[in-house]
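Below you'll find the structures, each written out as structure tokens.
One chain, chain A, links the two complexes that follow: it is found with chain B in the first and with chain C in the second.
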Partner chain A sequence: MSASDHLIPVVVSNVVEVNPIIKRFEFKHVNGDELPAFSGGAHIVVEMLDDGTKRKNPYSLMSSPFERDQYAISVRRDDTGRGGSKFMHEQVRPGMQMKISAPVNLFALDLRARKHLMIAGGIGITPFIAQMAQADKLGVPFELHYAARSVSQAAYMDSLADRFGDHVSCYCDDQGESVDLETLLSNQPLGTHVYVCGPKGMIERVVQTATSLGWPAAHVHFEHFLAPPVGEPFEVHLAKAGIDITVGAEQSLLEAVEASGTPINCMCRGGACGQCETVVVACDGEIMHNDHWLDEEQRAAKQRIMPCVSRFRGKRLELDL
Partner chain B sequence: MTIQFKDESFRGDFTYANSPSNIPRFPFPFPEDEYMYSTNIEPHHAARAGSPFENAFDVDEHYVAEMKDRALVLADDPGRCQALPHMETAGWDFLELVMVSKARDYPDLFKLTMDGDRWHWINKPLQIDDTFTFGDSSTLPCHPMEYIGRQVQGDHAILDQRDGNLWMDAGIITAQADWSLDFDIGMNFFEWHAPVPLAHELGVFQRALKFLLTLPQGQPSRRLNWTLTVNPRLDTSPENYPKWGPDRMTVTPENIGEKVHLRVELQTFWRLPRSNAILFPIRTYLMAMNEVVTQPKWGRRLHRVMRDLRPELVDYKGLSRYHPILVEWLSQFDDGAPTSPGIFPD
Partner chain C sequence: MGPATMSESLIEESILSRPTYGTLKIVPGLAHYFLADASGAECVIRVVQELPRDMMEKVHILYVPTPGEAALITSLYALGAKRFEHFPTIEEAVAKLGDWLSDAKMGSQLYLAGTEGLVGQGVAKGEECGLDHTAVQCEHRGSLARRVQCVHCKTMIEDVTTQPVKCPSCDLLLLVRDHYSRRLAAFQGVCINAEDPSEEIEIKEVFK
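And then the complex of A and B:
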């Protein structure tokens, strides 16, 4: 059983070029039905049928959780990635039918918060757009600090500033602007929760600054970008199925297992939720653990792997599948 | 099918009983002749017409009487219904799930009309006809969780999800098997399960929590849990222990068939969409031993399960005082014949 077994048929209702590297895709249910309600920070998995290859990528929902006639996601084009974003940018057109999963939230607002402090970097803005709509409706104070490389890449910056006014502060690297985390995190009322979504370095800086200032860990929330990395092709033996499979360079191990027809649990497909955790029967080589689920000890033991994002290099990998 | 709702009591004169036609649909909790903990979770799909697994929220002949009993408990002890301040959105999620499910599954009993956020709800068995604004608690007489919790059989806990754990932050609990919402409110998954013997060592709770944290929307799950209760009393709460604890002294070989009830909880798990919380309905079914043994397979199997039950579980489930009498009494229904797999009667 996995979330992506229960897909919702949708039609692409709109494709908008937000800037040279980001496009927004809007989906409606093929029957015109309402789509499932969700909470800010949730993502969906989009299934892409790309010339015989089935890819499933997670994208944060950016539409308002209170609008159920359509969903919206934004996709940043990554030409060095596995091809999912390239497919979305080049192949997906209005009127096309696709399949998406029901929403899953691994980056929810803590509803106990007296104030939500949101820090976004680049395309990491998308979950916050839905969360701001939610916080606004619930009447809970919030503040967004949004950093982008350049004015031309700062998707939705102007519209968010127009819509939420003083709640939004913007920073563009090419203008020499940056978030002063020390000052920002030193001056928050009790009961504030901080959320960060953006590049790895930014997440680390926010978590470190908050920790050194004495923020309780339970008040610091982050979401890493969810994208399986590319790598060298490798072979895997599936012990229960008794078969050998090859994982392509631009394919995840999870996708290769699915393509072989072997059952496997999964949900987020981004190394965060833990559903696809798989027992390693034998490993002669190195597992590239790219997940956020296993701890250091588990990684070193080489007895578990998260097939959605992790890869292998070496002589033999055998999994309990 | 029209359900004939019974007028009966779960206290005082204890007139509660199952109609003969209601007995075979009892969720007998033992798929095998022996019992041990397991994380026995399966998808809550519609299964077996007429069974309690057919619909999202089962409605049976005891519905109206159970709701009256709940009202009595709440009048006596309002602390049985509590929601921490951040759980209002979850209350609305719960209300929506129940109303939409019941109106779909029992159209002759319940009707929901939605005009945007303006909702019109008709509950015929309880003679309720209300119009309110979805999401606006000032348009309901009480918290949305309490409003709908008074109209759906079973106790309901709502678990907030954060920090990689679940938190018992709201519930309407009036028919519990000896646990207290007032004590557990605000606790996390491991804290409220702390009194359960054996299961921690088996890693049951680690696995269950991991499963629940990633429970997807639209894919509810279920499991059965069980205990025994003397007299068909729904409210066996710690708060009221002096009222029901002594009942265990009253069991004799002569009255055991009518006094001792198999108490089964159909527990389901639902991801709520707007709050990202988990709704945990605990629906209790009670059946007297005399009623259970009308199904020969159940009589045989129950004897074997009770006879071989581990002492820790006999103690934890509070059966010590009458366990030997019960095993002896059940033995007359066990001819040693093999039993068929699964829980349904032959």
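And then the complex of A and C:
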């Protein structure tokens, strides 16, 4: 059983072109019902029916957790990806009916924090928009440091600066601006928690700087959704179901398992939550572990795989499904 | 319990609530705060004297000497920390620690060494100031005397060495449990003869 088994029927209530590469999509329940409650940092999985291919991609909710009549997400177009963001940008229009999962939060604010320090890179801004609405209402000190490639690509930068004033600092690469992490992370009061969402390199720099300055791991939070990578098609044998399936070049193993009607647990669909961890019965070849879940030892052992993002190359892969 | 060579502490394994302690070791940090009493002073000296000179700018030491003792004060002072202060009581030293930590930044590390009363009150102050428990290291040295809270009248009884102990405030005879409150930095003392207050129970010296 997984969150995406119980999908909520929604209607696309609005599509807004934020800038040339980012669009915002707003959803309302088809019956006008209240949508499930969530906290800042939560994501939903959006089901896309694209000409026979079913995709389910996770997107962070950016709307306020205190407004339940609609959800909003922002999608950055990635023309080199598997086609999910392209589908959202090209096919999804106001009035269209879609299905979404209930929200799941793998990037929640730690409510014990005396201060929330948020660091966003590019489209990684979205979970923080919901979190800032929450922190603002709770009256907990917070600070956002938002870096983007260029002024034209910095989605919501102006509106956030207007809405949250001094709480927001902005940096644009093309203006030669960047976050001085060493100074920033050296001047936070005890009890501060830091949150980072953005490109892999940015997450690594924040985690590394905080760790070297002596920040406890429990005070450093990050979210890095992986889009399932594209790759060569491969065959998989599902031992319990007794069937062979083919994973297409732009399909994830998880999607192929789901398409075969075989039950499988999952939640984030981005290699972070651990729900879809599956036992490998036999493996003659190489597993491309793309997740953030298994450790080095588990990867080398080839006895576990995360079907949401990982792939296979070789003679035979047999899974306990 | 680890092997005896790991620590001088004589604490026996018990319920999960009963704290156990480690051995101080310097970890990366923006600032290093130390609090020790006379039994823990040698732990502070051991780790701080290994530090390179330029790191002493980050070191802050608070000390509670035994009355009349001066040699360890001299040794601790000679380490050359950015700040070194000593106080006659744990309470005053812990209050000063609170003052220091209220200005401290993320990345600060707290090191506590000595008797359980001092260590426990240092842990509680660190938590109150927003320090994560993983940024606090403790090394137990010296007496096993316990700080006990009478759960009935809430009186704090310092330096308890006997089992049971009589509460100086409400006169109940208390069983000193291994059940420990991190918030209060105290073991829980519960009436041992509530069913029959006339029952005589031998008081033995057990926490030495």
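Note that in this section the second predicted complex is superposed on the first by the 320 of 321 C-alpha atoms of A that agree within 3 Å, B and C clash if a C-alpha of one lies under 4 Å from a C-alpha of the other, contacts with A are read in each partner's own complex, and residues count from 1 in each chain.
Note that contacts are C-beta pairs under 8 Å (C-beta built on N, C-alpha and C of every residue); 3 or more make two chains touch, one makes a residue touch a chain.
The structure presented is a predicted model; accordingly, all values stated were derived computationally and were not measured.
Trainee: Quick check on the superposed pair: does A:Asn105 touch chain B, chain C, both, or neither? Answer first, second, both or neither.
Mentor: A:Asn105: touches chain B, not chain C.
Trainee: Quick check on the superposed pair: does A:Pro199 touch chain B, chain C, both, or neither? Answer first, second, both or neither.
Mentor: A:Pro199: touches no partner chain.
Trainee: Check whether chain B or chain C contacts more residues of chain A in the superposed model.
Mentor: B
Trainee: Just to be sure I read the superposition right, which of the two partners does A:Pro189 touch: chain B = first, chain C = second, or both, or neither?
Mentor: second
Trainee: If we overlay the two complexes on their shared chain A, which of chain B and chain C does A:Thr211 touch? Say first, second, both or neither.
Mentor: The second partner, chain C, only.
Trainee: With the two complexes superposed on chain A, say which partner A:Pro141 touches: chain B (first), chain C (second), both, or neither.
Mentor: It touches nothing on chain B or chain C.
Trainee: Considering only the touch criterion stated at the top, classify A:Met267 as touching first (chain B), second (chain C), both, or neither.
Mentor: The first partner, chain B, only.
Trainee: Is A:Arg114 touching the first partner chain B, the second partner chain C, both, or neither of them?
Mentor: In the superposed model, A:Arg114 contacts chain C only, not chain B.
Trainee: Which parts of chain A are in contact with chain B and also with chain C?
Mentor: Dual-contact residues (chain A): 217-218.
Trainee: So in the complex, the part of chain A that touches chain B is made up of which residues?
Mentor: Those residues of chain A that touch chain B are 1, 3, 6, 36-39, 42, 65, 101-105, 108, 110-112, 138, 217-218, 267-268, 273-275.
Trainee: Any idea which chain C residues touch chain A in the complex?
Mentor: Where chain C meets chain A, its residues are 27-30, 101, 104-109, 129-132, 134-135.
Trainee: Hey, which residues of chain B end up touching chain A in the complex?
Mentor: 43, 84-87, 89, 93, 160-163, 210, 213-214, 216-219, 273-276
Trainee: In their shared complex, at which residues does chain A touch chain C?
Mentor: These residues of chain A touch chain C: 114, 185-192, 194, 210-219.
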